[in-house]
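Presented sequentially are two complexes of subunit A, the first with subunit B as partner and the second with subunit C.
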Partner chain A sequence: MEPVLTIALAGNPNAGKTTLFNHLTGARQHVGNYPGITVEQKEGCCLHQGKGVRVVDLPGTYSLTAYSVEELVARDFLINQRPDVVVDVVDASNLERNLYLSCQFLELGVPLVIALNMIDVAEKRGVTIDASALSVRLGVPVVPIIARSGKGVDQLLDAVLTVATTNLQPQPVFLSYGADLNQALDDMMPDLAACVELTAVYPQRWLGVKLLENDEQIVGKTLETYPEVGRRLIARGETIGQHLQQTLGVYPEAVIADHRYGYIKSITHQGVVTRKFVADRLYTSDKIDKVVTHRLLGPLIMAGVLFCLYTFTFSYSSVPVEWLARLFALISKGVDLLLPDGPFKSMVISGVVDGVGGVFGFVPIIMFMFFGIAVLEDSGYLARVAFMMDRIFHFFGLHGSSVMPFIISGGIAGGCAVPGVMASRTLRSPKERMATLLTVPFMNCGAKLPILTLLIGAFFSAHQARYMFLSTLAAWFIALCIAKILRLTVLRGASTPFVMELPPYRFPTLKGLVIHTWERTWQYMKKAGTVILGISILVWAMMTYPQLPETRASHYESLRQEALRTMAEDEAGQTAALARIKTEEAQERLRHSLGGRIGIAMEKVSQYAGIDWRTNIALIGGFAAKEVIVSTLGTAYSLGQVDPKEATSLKERLSKDPDWNPVVALAVLAFIMFYSPCFVTVICIAKESGSWKWAAFSILFNTLFAFTLAVAIYQIGALLYLR
Partner chain B sequence: MAIINLRKMGINQSGTIVAVKVGGELGRRIREMGLIPGMEITVKQRAPLNDPVALRIMGGTLTLRNNEADYIEVEISP
Partner chain C sequence: MFFNQHGFTEFFRENDPKGLSVFLPVFGTPMSKDQPEASSRLLSDIQRLCKRCDRRGKQAQPTATPLPESCCNGRMRVCAVTGDRQTCAHMATLGVLPGSELELLCKGSGEQCMIKVNGGTISLDAPTAASILVAPV
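Let's turn to the complex of A and B:
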């Protein structure tokens, strides 16, 4: 059914906008990104009175200035797309603050319906709101709803349809901003009227107000289209700004904000809002916060909650991971039976099934992790974690909200950088967000653990636990220091204010959790099916081609025949001989392949860190996925296929290999911990940062950094211990 | 009736904002959250490392860092 009208959901973060959106659209929604930026664009549709309604969920904002991308996106949508009705979701339990945004909608003159959400919460706090009186004073319909249960939503849609069918373009509300600013606005009117191109899009007085507020976007547009008039208008603004500074010591924006709040006060007083209890009643949330953010108990509880998140994710997801592994093994077997031997079969099994299977193996982990995060986020706990950790993270140029991405990525060994990078979305400040998503891949993710365990087990078996713990500490230390360096260089800039809301604790709704989890997981799966497939075929081809020349292949074939003939009686000896020939052949084949040649070529450089060509191949493979390092090392050290979970024999082999020693192991460890993020993470970084440049940066910078570190460790280590 | 800096307020102390002396992005963020002259606030909690601070304003709880609180002057309620 073709939607007949478009409504936009707007409102403060935490006002229940998403809950209403989920309630209206259910599963009929899709998430995209606004072109070029990483703000999510959510859209869905619903049916009311036989009419199809397109619902657009605008990013949550507190204001309509041009400081953040979210606000710009919301404002541009309202002005350029002109939705039929704007539904402003207002938290009834925090009415005055929420009306600040509503007030700006009125000034802009958009067709507005106010959804007075969470009236049940407000009532529990002893606040009653006379919706019809509020409606009369604001001049727009006000419908009380409870988005969680869906109560009042039908009446809300009725009101929306009424507003949409009246076809009356509402007039912008003229607020008084005090004598000085009113005078300035009046003076500006003739000049503003001359800006015909702008007044065709924006209300005239609103333009004036935005110029006084020194709004970047509007100032830029005015100067661009009407340079002369624009300069005059801005000069007028500056004069009044100086005047206000001298007489009252305030900025024009401050005066405008004061008058907006004054307007709100005049509306909410006199019978609209009645409070039954004393104003400072201790809410349940406050009682919980007294314990949960307590000086001593707070950090302990946080550690406990994070530990539970890990246990939940990694222990409960192991069952579906097992199923998926079995499923892919089955597919692999099926392909093995169905297809004839040859390069195509090898590609399907080693390239397609193993590659994509390896990535899909992450899906349950990611799904469980996202579910856990959704619980923490929707309940309001995440904001408390940011509150408690901000002091430390701020020191390193990050933000309290960076904690979660770090922890998910492996802050407690065993996470995954892919959901970590995705979780950096909760950060609202661009610079800190970029620093976060560029440094989270330094954490020890679950895929690095097998190789860490292998090397530590082989060379430092006496202090295994200590070294594992040290590697986690090293990861944190390096990641935070690099973040600090990035914030002092390429991501220089003032830190974003921590003026943040601590939303009251709420029970998350199951529907919201499921939708949250699913949409994030689905984005991940889409990636696995496309880009990863290509890369894993490429890696396979690199390690397979060019194949051994005819003469070498027949040489091994004749060796095999010989072994079969000479040891016809000795069955055990025969198998051993055949296995030896097979590994020798595999070894030579690898040396001959493109991957092998690259590995050998790279040895010229990597030798300074004590890394040989076979390890190089493994490290290249590790770019596809870090799990590949162990299995490729196994192949490269001629052991045939090695299961990453059972690396014991490889461990012995490495510890006896003359090319390896504890110093080399330490250098390789450092390199693996900090070099280029795996391919999936790189793609996520590109997507989340909105540019492939940052993805390329993270590959090059991290690899260079890791290599420098590895060389330093190897050279110093060689001086101290290997003489 | 003393006017002090928001940073110096103790837990559970209440007061009325008398001045917010900052412009730009920080000023805007502070104001849009309702921290404007005339508003009543109560300090609710401090983070384990003493910074940031959580305070009650109107119907909600806000957090801000100490160096951001420095711009806000409060008249303490008796």
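Let's turn to the complex of A and C:
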């Protein structure tokens, strides 16, 4: 059924909008971005009394003045899209703060229904709210609900339908802002009336209030549409602003906010709210905060919680990861049996199955990680982590909320940059978000671990644990320093103040957790799964074509025939000879392929970092997925396919190879740790930043930085130890 | 009318037996620790000693202090919000206005603070917290 009416869910952050949205729409929802920005746009639909309802979950906001992207998005949606009804989700346990936004909806004159959510929590806190009295005072329907359990939601939808079917357009409410501002607004009215284009969209007095509040968008629009009148209006605003500064030391916004809160108090004090306790008490949540965010205990508890998250993600996900690996091995085997030998079979196995399998192999880890994050997020603890880490991250030009993407990406070695990049969506400030996006791939993700283990095990086996720990510290150090450099150069700009309302601690609902986890995992599968197929086929083709010339292929064939003929009686010798011929052929085929040729061409530059052509091929393969580095090194070093988990033989081979030594190993390690992120991460960076420009920057900058570091390590190391 | 029901005029009325105008210069300029004596003296007239400090025999700060430098956690009254216009506006939206009361829950490992205002818990980074001048209630 086609939706017949649109409702927008608006409200403060943590008021329960998303819980209500999930309850209303269930699985019938679509998550996207608002055009041009990365603020999530959630839409869904539901059916009530036989009528289809399109539900839009707006970002959480405290006001309708354009202080943040979220506020701008919410306001623009309400003004431009004109939903049939705005459902203002109000946290009943924190009524005054939440009614501040309701107050602005009334001033804007939108068709409004107030959903008085968490009425149970308010009652537990000794606060009783008379919904009908509040409804009378505000002049809009007020419906008490409990979004978690769905109690009262039907009545809410009844009220929504009633408001939607009433054809009366609500009139904007006029609030008094004191003698000075009222006078200023009265003076501005004739000029505002002349701005016909603007008053057709915005209520006239509301427009005046926004000009007094110095709202950037409204000021810009007014000056653009009516330059002369706009200048006059802004001059009037500046005059009153200066007057208030000189007399009261405040900006007009403070006076306006003060009067709005005064209006709210006048309503709540008229028998709407009854409190058992006289003063604002400290609730359990505040008491927990005193311990959890304590200067000494706080970091310890945080470390424990993050360790648990890490263990949960990487220990418990190993079983489904194993199942998926087996499934793809089975598919591979099936294809091997069904298809005839040839390039098509090779492409299906190496390109399609291995490529797609590589991406889907991450899915359980991603799912577990997002589930863990959803628990921390929905319980309210994640906000506390951001609070505790803000000072350190602030020094490096990042934000307290950057901590989680860093940890997920491998802050505790073993994460994955893909969910890390995606987790940076919780950051509000665009520049700090971008700095986080570009630096999280420096962390030691799980795919880098096999190569770190291999090289450290081969060349620094006496201090393996120490080197592994050092590599984690180095990753943190480099990532934070690069973030600082980016924030001082290409991402220069003032830091965003870290002012955030902390939600009270709550038990997350299973439904909410499942929906959060699924929607994020699905986004990953959709984004990465579609592009990876193409690129993995490309990488396969690069390592396979052009094939050996006919003469060389027949040369190896004749060698094989000769070995079979001459060693017919010595079975062991025959097998060894055939294996030797096979590795020689594989090596030549690799040298002859496009990937091999690129590797050899790159050696002219990479030799300054001690990296030879075979390692170059592995590094090119590593762009597809870092796990590929070990298996490609295995192929390149004439060992055939090597399982990353069973790299012992490759370890021995590398430690005995004349081209390798501890200095080369250290340079290669540094390069692998910091060079271009894998292409799934690159795609995610492009999607999250909204531009391929940043994805390209990430590839080039990281590779250049890693190469400079590797050259420095190799040249200094060679100078000190190899001569 | 609403202006007198809530907000900073209430603050003046409660604390100023001589009349509102005496304190206007205090709020006319952003305050800092090293502010001229003339304006800080006015605030010192209205300051109330922190009860906890009093109990412990400690000397409470004599004037309005930035939030991270307040002697104890507990209830405070906002004397002024300094900082740029956007910060002041954002704070006002959250209910942190001159004259309003807040509860300092805890200070983080740096100078960031966690406060409770209008029933909600808000975390503030160090620069924002430092821009809020408070006096104990």
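What we mean here is this: the second predicted complex is superposed on the first by the 719 of 723 C-alpha atoms of A that agree within 3 Å, B and C clash if a C-alpha of one lies under 4 Å from a C-alpha of the other, contacts with A are read in each partner's own complex, and residues count from 1 in each chain.
The working rule: a contact is a pair of C-beta atoms (placed from the backbone, for glycine too) under 8 Å apart; a residue touches a chain by one contact, two chains touch by 3 or more.
These figures come from a predicted structure and were not determined experimentally.
Within the superposed three-chain model, A:Ser176 lies in touch with subunit C and out of touch with subunit B [touch as defined at top]. When the two complexes are overlaid on their common chain A, residue A:Lys656 makes contact with neither subunit B nor subunit C.
Judged by the touch definition given at the top, the superposed model places A:Gly249 against both subunit B and subunit C.
By the document's definition of touching, neither partner reaches A:Arg565: not subunit B, not subunit C. Using the contact criterion defined above for the overlaid structures, shared-chain residue A:Lys604 touches neither subunit B nor subunit C, since it reaches no partner. Between subunit B and subunit C, it is C that contacts the larger number of residues in subunit A. Using the contact criterion defined above for the overlaid structures, shared-chain residue A:Tyr263 touches subunit C, although it does not reach subunit B. When the two complexes are overlaid on their common chain A, residue A:Tyr67 makes contact with subunit B and with subunit C alike. Residues 62-63, 65, 67, 93-97, 100, 249, 251, 253-254, 257-258, 261, 280, 285-286, 289-290, 293-295, 298-299, 387-388, 390-392, 394, 400, 497-502, 504 of subunit A are contacted both by subunit B in one complex and by subunit C in the other. Listing the residues of subunit C that touch subunit A in their complex gives 1-3, 5-8, 24, 26-30, 80-81, 85-95, 97-99, 103, 105-112, 114, 116, 118-128. If you check the complex, the residues on subunit A that touch subunit C are 62-63, 65, 67, 93-97, 100, 175-178, 213-214, 245-251, 253-259, 261-263, 265-266, 280, 282, 285-286, 289-290, 293-295, 298-299, 383, 386-388, 390-392, 394, 400, 497-502, 504.
Chain contact summary for the complex, subunit B toward subunit A: residues 14, 19-21, 23, 25-40, 42, 44-52, 54, 56-65, 68.
Note for the complex: subunit A touches subunit B at residues 62-63, 65, 67, 91, 93-97, 100, 122, 125, 127, 249, 251, 253-254, 257-258, 261, 279-280, 285-286, 289-290, 293-296, 298-299, 387-388, 390-392, 394, 400, 496-504.
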